[in-house]
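Here come two complexes built around chain A, the first alongside chain B, the second alongside chain C.
So, the complex of A and B:
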């Protein structure tokens, strides 16, 4: 080897070394470091204090999160465990003509396939039981599941989904909530109407209030569909044991309801079902009810093995609940000094394909829609309608962020038109201790004005001329 | 050019379900060394609820948070609970745990009264001791009392209880009724910069003042407020699920569905407004959901203040804000030329 080639060789090596070391920075070490986890518990003073209430106590789970010791569903594994995937319809509205799972069933590594017809009670839902676990006849939105597969690896389960053949007869899709309310609209579920729940709050007489008002303001506001986007997707493991007892490990915020839903869909006594809620990696309302759990349970029953299912990020969007888009019409009568005399509100909620928590969202949105203000004359009407879109359900605030956007935008428009400072018009109208709410409830521990003043102080809010 | 604006929004929000029963049950077991175990059917969903519930049990028993272990979320071993929904955990589950702890404490007091030579009604639990009210020099440690209760008298100090918020059904015609036991209140004020050439909005800071009754753990309340504001920022400016003409979701991924990251977060100040609700555990109400309620409204009012356009549909994307600015300029020019 001459000098020249040696230099070349060395340079090559140096480059390779540089690359390797930069790469190593990005990788986890191949060997687990010898030093043990710092498991000596920290007990900061606040955790040792009596009294306990009012202390800035650290969370016992925080340390486990920080050290990667928290076990989420994806960290759990059982001997012989299978992986499930669900085939999604991909079409918003259709009748299923035929499902052929035979090619998937004979694939090496595929242990079981499940379709909707095999589920003992193929409906669930916290208010109306209008949601199938896997659709068997009609597809109500594109994210609906049509079949589930359990296989020895997730990759094989994914490949098996492609082998399942589903023939659809497309049906007209209802996408616009306002159009869905019309009599001539195609119907998503019920034969007579797409409006599946309504709510009214009526207090005093709005017509009289408008007649007494100096000025009347109107506005229309609308909001979008939003996904919770929890870091941890919906995930569960089902283990049907030889005694016919079912254990479900799930990332879910409501285990008591989950057990009741499982007992109903599987037609099993509750004493044979155990739900273990693991630490939930983000909920925000999105994990308040079961999703794939009955399908996983039946796949476990079919195979005699534990079955894990973890939604993809795509499924999180298309196949789980979301925040309701709401179209909000406001009409408000005020005096020239800014006192609200009457407010009329009409809310139309896009309820998506299934009810889920829509009637709760409808109720809260309707009750809260006049805002935290003393108004003697209120008429709030709210409607929620089915559409062939991802179902809407519980999400942090149950309709409140939507109506707050409307009533507070409206409030600023009124303040501007009357030449009143936005803070002042709110202080003028806000609830006091003992104020009646729009539903006639006498309110207690009311501090809305205190929050207004506190935030204004902190912000440095100065009235402008 | 960047235009600065400020916007205010206040809100009210209820705790618990609308009229419907949403009970919680709980069991509190005082161990024979004076520490305690709480059994609850609620689930830790990241908000810190188990920490707060442990603090409530500790407060009721007169011991420290570290003395309490909370077991949760197993239908075979924990009592029923309506769960982590409707901002109800601190208020409803907290009340159940408080009552269960009081029941366990009553057993301790029965044991302690003859030890201290006073009536049960004269006792209080404080600083890991059971002591005579207004004469704390006469006391005995909870550990001693718990041990005697269980090992000598055969009366382990275990209490169970349930609680459900009191409501009155709403009239179906008028909606009149008492749908919720209690409400919380909040105000957020946002300061934004709006680029009037691009429509881009930057949220600079948010001052948040929230009521939650007694803050059982102020640090976790602040955490909730900051988290709620991040969801509000997404709702105000970025997040939207879009569908094609056939009803298929077209942005089911985090590349095209834009969420706020730490870079989008404004500077946040949190003030917890002093409050006390006699119906809640140690005066507490709740805080989870309301933190996300006023943010979008405050931001949209700030945009209006900055550039004088009212965006009436969320999210206020740069495209939407710019279109509104252009539409406003067009009308203004028309007025000038007319």
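So, the complex of A and C:
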């Protein structure tokens, strides 16, 4: 090949290359990059601040909120929609002898009435399936639903509830969680024990720790039941269409869990259920599971019309989950200088009538109950028990706020008795970088002491000796 | 049935409703203005707050018939074609709205306050919002938002006074 033809060849190649690359911007790479994602996860070092920290963002949905245009469940309506209301038991523990819905059924405007026996699988729950949608034989707490009504207006539905007659045979109620643990206590879900979940965290030897301690302190702390009180009450719309497909619009945080619970209670394939989670007007842990949805679905099936159900504020308190009240017994062995040598804890969680997220709460409360302190000898035992009260479930922190109140109050008591500054006793015992937690987890990014010092500095804490 | 006629957001609206119908029900169900929310139905939470003749009221406690012949302003009447109302702007910018359910009520209480007083103290803002419960924000952002809105409105009224010929402010 002479020089001339070589140049021609090169020019031809260049032209072809230019043509080929003319639409390069539009093409996808011919081959997937070998490493489409970094194998090493991109995690910043502990306490390193990224540029996002401190930046202000506006909520993408804030505009519609401010305009009043956000559509929550109660702002939706469908043609022919009915309103559902649920009759509540109003008695803590009872056997249902008779339910007579005939007077309600013949009321003008009442389209359907539903009782617990009509629900294909009348139990649900995220942990144990111990909660009936509507109770059929036994009432477990006063907020239990006994019957549901769908009517053309909410007012007619309310009136219909008054026409439903329920005869109860009262049963002994269990209201004190500590008494509920005793063998001779009446059983909420007979014949099983009222204790339905336990957890024990054991580290070192508390007996040995107490023996070595100069002083031993004991204290009992208890917290009360708390309702989430999200501003938007629990609300849902069920639409069972003629093809046997169910659409639920619900103010719910966990649509996949809701879908499986619905499939279970209604005994229908999950593929026939569509859950549309709308904007939630406050959750705080209280809208993580289904409540009235299966009843609404069956009312919709009975009537062939969409059915809306919105809880009243009263029902929010009596018939939805709440924060666990916990009775917390602390026993702590310390040296005269305030160093904690051993801590024994017993937590009794009042679980209410149903489990809901109790075992999650129990676990977290138990693990966190010794507090953020280096203690070589720990024994924490936690029990959650059934009582005939409103069920308890998930709420911000899953048990952490309760035990925090207890161990910090206990620390203050110890500091006062020993004549040590409350800040000092915490600095003496608090976790350091690499400290093992009571369950043996080696902790990193530990800034308890820095936080305490900074906070004390900011609000002007001075030792009051 | 009772016939009620009222001016809602500048428009004359009427409906024929059962006498026990509340103002909130008539707004939501008959006029399709779902901005005001039903939170408690007993006047505790303030999610249903609207402005009737310049005063913030819990519309769940007011009968529709009581609003007959009066001026009602709801959250839907706050923004105009020109844009968001300064209160809406500042609530959005400060992050005073989280889940948003209490928002329309809180905004209307703030509006009623700022219509009366363009220089509210923090305590006056707290008092004005005391009937509006919120579980998300802890109220601090809302108070900031109202202060911010007050500043915007003061600037607006100054420019209007100095430059523009007097123009009736939006209802």
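In the analysis below, the second predicted complex is superposed on the first by the 409 of 465 C-alpha atoms of A that agree within 3 Å, B and C clash if a C-alpha of one lies under 4 Å from a C-alpha of the other, contacts with A are read in each partner's own complex, and residues count from 1 in each chain.
Simple rule for what comes next: a residue touches a chain if its C-beta (ideal position, glycine included) is under 8 Å from a C-beta of that chain, and two chains touch if they have at least 3 such contacts.
Everything quoted here is computed from the prediction, not taken from an experiment.
When the two structures are aligned on the shared chain, A:413 is found in touch with chain B, with no touch to chain C. Legend: residue contacts after superposition of the two complexes on their common chain; A:69 is shown touching chain C, with no touch to chain B.
After overlaying the two complexes on the shared chain, residue contacts for A:202 are found with chain B alone; chain C is out of touch. Of the two partner chains placed by the overlay, only chain B lies in contact with A:459; chain C stays clear of it. By the document's definition of touching, both partners, chain B and chain C, reach A:229. More residues of chain A lie in contact with B than with the other chain of the pair chain B and chain C. When the two complexes are overlaid on their common chain A, residue A:388 makes contact with chain B while staying clear of chain C. Once the two complexes are overlaid on the shared chain, A:313 sits against chain B and chain C alike. In the superposition on chain A, contact of A:120 is made with neither chain B nor chain C.
In the superposition on chain A, no contact is made by A:80 with either chain B or chain C. On chain A, the patch touched by chain B and the patch touched by chain C overlap at residues 56, 58-59, 61, 229, 279-284, 313.
By the touch criterion given at the top, residues 6-14, 17-18, 41, 43-46, 48, 50-51, 54-56, 58-59, 62-66, 72-76, 80-86, 126-128, 170, 172-180, 182-183, 185-189, 191, 205, 207-211, 213-220, 228, 231-232, 234-235, 239-241, 243, 245-249, 251-254, 257, 259, 269, 271, 273-279, 282, 285, 288-290, 292-298, 300-301, 304-305, 310, 312-315 of chain B touch chain A in their complex. Remark: chain A residues 56, 58-59, 61-72, 74-75, 155, 228-233, 279-284, 310, 312-313 touch chain C in the complex.
On the chain A side of its complex with chain B, the touching residues are 43, 46-61, 90-93, 141-143, 173, 175, 199-203, 219-227, 229, 252-257, 259, 270, 273-285, 287-288, 313-314, 316-318, 322-323, 360, 363-364, 366-368, 371-372, 380, 387-390, 394, 396-398, 400-401, 404-405, 407-409, 412-413, 422-423, 426, 430-431, 437-441, 443-448, 450-452, 454-456, 458-459, 461. Considering their complex, residues 20, 28, 33-42, 44-45, 47, 74-76, 78-79, 84, 88, 91-93, 95, 97-104, 107, 133-136 of chain C touch chain A.
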